[in-house]
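Heads up, the next two complexes both have chain A, just with different partners, chain B and then chain C.
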Partner chain A sequence: MKSARYKLLLLLPAVAVFVLFLVFPILIVLNESFHTFEPGRIGSVEGGPLTLANYAELFQPVYGQYFAQTYVLAICSSAVSIVFAFPIAYCIARAEFAWMQKASISAIVGLMFLSSLVRVYALELTFGSTGVLAPLMSIMDINTNSRLYINFVILAGLLQYCIPMSILILIGAIKNLNPRLTEAALSLGAPALAAHLTVTIPLSIRGIVSAFLVSMTLGVSAFVIPLILGRGRILFISNLIYSRFSEIANYPSGAAISIVMMVLALLLILVMSRLATSLERA
Partner chain B sequence: MNVLELKDVTKKYGSFTAVENVSLELEPGKVLSLLGPSGCGKTTTLRIIAGFAVPDGGTVQIAGEDVGQLKPYERNVGLLFQDYALFPHMTVAQNVAYGMRYRGAPAAAIPSRIKQMLSLVQLGGMEARYPNQLSGGQQQRVALARALATDPKVVLLDEPLSALDAKLRLELRIELKEILRSVGATTIVVTHDQEEALSLGDEVVIMHAGGIVQRGAPTQIYQSPANKFVAEFVGRSNWFQVIRSGQSVAGFTSYITSDGVEIRAKSPPSGYNGGSDLCVRPEHIELIDSAAPEALRGAEHNSMTGVVLDVASLGPDVHVVVELPGKARVLAIRKNAGRIQGLAPGQCVRAVFSAADVLVF
Partner chain C sequence: MLSTKERLNAEVTVRTKALVSAKPILSKRRVDSLLTVAVTAIIAVTALFLLFPVVVTVLMAFDARDYIGPFPPTELSTRWFGKLLEDTYIWAGFKTSLLLAAATTAAAAAIGALAALAISWMSPRWRDFVTTMFLSPLVLPGVIIGFGLLMFFAAFNQVPVFLKLFAGHLIITLPFTIRMTLVGLAGISQTLREAALSLGANERQVFFTITLPLAKNGIAAGAIFAFATSMDDVAVSLFMSDFQTYTLPLALTTLIKSSFDLTIAAAAVALMGLTIVLLIVLDRVLGLERAMGHGTNRIR
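Up next is the complex of A and B:
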């Protein structure tokens, strides 16, 4: 009994930090989101009445566009990165020699350390409207100022993060999988692709869901990527929240958007883990 | 025609040769045991046949066709893995059915085939269970049913019983033999358990350090091992080191061993160079009362007095350790028929064995 109490005591510092620096600030944000805003002020009216107006406002179509924009691109980048990352992760996890595995993992980790600004500007310099490849694009009759094109460039920016991250997560999942299972499928006559679709992938579904969720988190909270690559024409919710807080100082609205984002993220996790459980027994 | 034919198959991992010049052929419906110590290349040989390892040399033919260029899924080889490798996300029925659709079974025939396979391995009624809801023995049977369900040309079993406890292993061994015979499967069974190898196989192949050292019927392997390694590996044996050989009489030669004991055995093959080993199986040594008359003396018999050091009763067998003159120790195995009651450590006995039963290497 006593030792259990001491163990709880050990948890205390972490809990204190967690409460003070995460839970408490979020509560402040939550509180702020229910207050009214008067243009020209910084933050909400003190002592003003509580209101749901900040949330109601989000039902206007223009906000829907922001949310759709953010989530569609995040989902696309997560899905695409799983498709790209899985075969790579499989090859690395099943590499014949240990040094191959180490070298590949180091290379991927190294890639992730590259500054995000550097990467984003590199993309802009290459694929932007005045980028190196702009003449080529015009030859191929691709309008580098169209929304669709900008979406693709942002997607590329997101993939730069999501693919290496997904590879690392999937390597772990695949290494936990008995390689004999895939071989058993092959020896029973399943061609390689069928064996992977019916055995390897269903049995790595947990890892796939984790990789998807982490990619979603990266995508939904992306800030620099849409800010620079979106050229002001395409903005993510993070950019919207930023402008609410720092450009027009509408704290209540920014807070309401943030809270909605958080709820959506939790819902996503719930749905995905349900999905994973049902897929595992398919 | 041979169902399976390996010719001079060699596999290297870096500079290490895991399998060296292995040649095998297997007739339809025969069961071949592949027996050898750990690391001798048994699994590697199976993986080469199944197509999971690419040989560095030699050819593999299945049903007369060179399969060197064929992928594992193009070979129609049934493989039972040591850890079974059942698909954990599929039911027993789904596991058994897995290979059928890829091997071209008509969809309508699949349910009845599942039923047939599961009743063959005595698992009727377990269709809806998942592998983690089965005991080790049941998992083994599902794996066997799955491997046999596609009616493969060759069935490869890698240590099919090693994950089971001793009692279950014996039961399943008998069952496995019956199942293989009833479906007429052409089979290679890999094992490092000699009893398993000798009882399951129509023929036994002994592997050592990547190569085949002997191939023969189970009795032949035991009674006339090709070399010292086989004699030592299969069955128990008492060894004597010869320091010189004496006179030969009527096809039998007297050897003087390093313990100073004189043992008579068959005359060595021509070209004998003086240094060799003698092997006597424990069950060939008979222990009689030391006071008994030496009725069995003669060129074709060995008879020497000794002292019993230890008597261990192991169920059906009794293992008796006897110290011969010159501190040589031999193990004699006798049936526990109640006749040897009274044999106790310290007692003087006469160890008698026929010269024809002594193996000379």
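Up next is the complex of A and C:
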């Protein structure tokens, strides 16, 4: 019917773009990460000996802090967003009127499409040290310049993305679920909470895991949120990579961090999808 | 299928019976009404959390005062929008962004549609593998893509900044156009094609009169995702731009970090308007629910 050559011809432009602008660059990053850095130079020494020093350096506690910082906040935001998103998604998926469902989904999609800078700026304007809530914070004796507070503002920034996204993913999962199962539990006399805990949630576990995974992926690769809301005092791994490029031009070190970050991100996806499959079988 | 359902039903019955037979600490009605209150509270808190910053930004954009004063503003004016119109720094970024997003969208939609068409003709095993490969930029941190591209372009002499930005944006938008076109193609019933073929149309005629018109909406939805992604990117663009050629998000990032001027709030309100326009178009071409079912992973 369709010849294989014809198919390949259609794929060619996309493959070319991917090889040129994704595969090559990542290979270059990988190569760079094994080279030595000479202060004062941009990029590594060409033809120099290969080294693992850039990776070994990452075992210093300073770097551990950046990774811990990123992962702890990403895990917090993913967990919190699931807890908040699930009941909301359930209400929307089981809404009585079609217009209510349509209106809430439109609002959530609107929030997702809103420029990330608008959202980050809105948070800065609201929760920042000169923001509109600053007087309230000083009444409540909260120091808006403390590290803990900045952590909270970054968490709020991550949640602004993760909650709407988790809601949308969970709506899909809950809609695929047979409502009669929960109804059966209720009609047999189970309290609503118990019915949801033992029936609705276990049956939508795949959706929950995928919402968690997407939130995590978003959290660990977040760039603008910590860049602006972190006020230079709290950096995520992404920001660290950027500063390796912009501040000290230590490309080999930035490359090594990039590779580690990429491997961790892919590992996370692998582990989570395995987890989803095994949970579903259980 | 039926047996699993029955099994589940049986399981539900057993589990609920076990629950009901346990001695209740609180009466069932009490627990249920508590749950309703808790869920209502969660919805209210979340709505407030998600919408309050947006409302603050909109109101502050119309603030008549010179400084960021107590909220809400005492007097309203459109002076910040006037300042926004005169701000050459923001306008230059906006022009670059618009041009870049238009070029990226056109290229990504065309390349993505072709690739999706080829993918849809593959056997299921190949289809899954190739799709996963093409969607991979969605899970890769933007900073890594930007950093890699920076070093890639450093190998060449003097690549124009706009071209570098274009390449970066193409790689992060292609997953959306490929995926949405696949969604559009999957919605086309095979019987339509077969009917046309059996009525004597050739492959080419079937493609241009059946497949393409029906896949059009998926392609358009992908284009909207691509446009929105391109207009919003910071992580990749930051590595590609210089002081002369920069995008709107980069200009705004610099301004947010360096000044407390409410012109940014006015720009934010203008961008909200753009978002609403994009949403209306997306709803028209594909329907929001259908589009979001397949496009939810906007990672950046």
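Rule of thumb we're sticking to: the second predicted complex is superposed on the first by the 263 of 282 C-alpha atoms of A that agree within 3 Å, B and C clash if a C-alpha of one lies under 4 Å from a C-alpha of the other, contacts with A are read in each partner's own complex, and residues count from 1 in each chain.
In this text, a contact is a pair of C-beta atoms (placed from the backbone, for glycine too) under 8 Å apart; a residue touches a chain by one contact, two chains touch by 3 or more.
This one's a predicted model, so the numbers in the text were calculated from it and none came from an experiment.
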For A:63 in the superposed arrangement: first (chain B), second (chain C), both or neither? neither
Go through the superposed model and pick first if A:10 touches only chain B, second if only chain C, both, or neither. second
Quick check for you: in the superposed arrangement, does A:71 touch first (chain B), second (chain C), both or neither? neither
Chain B versus chain C as contact partner of A:280, first or second or both or neither: first
Is it chain B or chain C that touches the larger share of residues in chain A? C
Of the two partner chains, chain B (first) and chain C (second), which one does A:181 touch, if any: first, second, both, or neither? both
Where does A:152 make contact in the superposed view: on chain B (first), on chain C (second), on both, or on neither? neither
Once the structures are superposed on A, label A:55 by its partner contacts, choosing first (chain B), second (chain C), both or neither. neither
Residues of chain A that sit at the chain B interface in one complex and at the chain C interface in the other, please. 178, 181, 184-185, 188-192, 194-195, 198-199, 203
Quick one: which bits of chain B touch chain A in the complex? Just the residue numbers, please. 50-52, 71-73, 75-79, 81, 83, 85-89, 98-99, 102-103, 130, 146-147, 150
Could you list, by residue number, the parts of chain A that touch chain C in their complex? 1-2, 7-8, 10-11, 13-15, 17-18, 20-22, 24-26, 28-29, 32, 43, 84, 87-88, 91, 102, 105-106, 109-127, 130-133, 135, 156, 159-160, 163-165, 168-169, 172, 178, 181, 184-185, 188-195, 198-199, 203, 214, 217-218, 220-221, 223-224, 227-228, 237-238, 241-242, 245, 251, 254-255, 258, 261-262, 265-266, 269
In the complex, chain A residues that touch chain B: 178, 180-181, 183-192, 194-195, 198-199, 202-203, 280-282
Spell out the part of chain C that touches chain A in their complex, as residue ranges. 5, 8-9, 12-13, 15-17, 19-20, 24, 28, 31-32, 34-36, 38-39, 42-43, 45-46, 49-50, 52-54, 56-57, 60, 68, 70-71, 110-112, 114-115, 117-119, 121-122, 130, 133-134, 136-137, 139-145, 147-152, 154-155, 167-168, 170-171, 174, 178, 203, 228, 231-232, 234-235, 238-239, 249, 252-253, 256-257, 260, 264-265, 268, 271-272, 275-276, 278-279, 282-283, 288-289, 291-293, 296-300
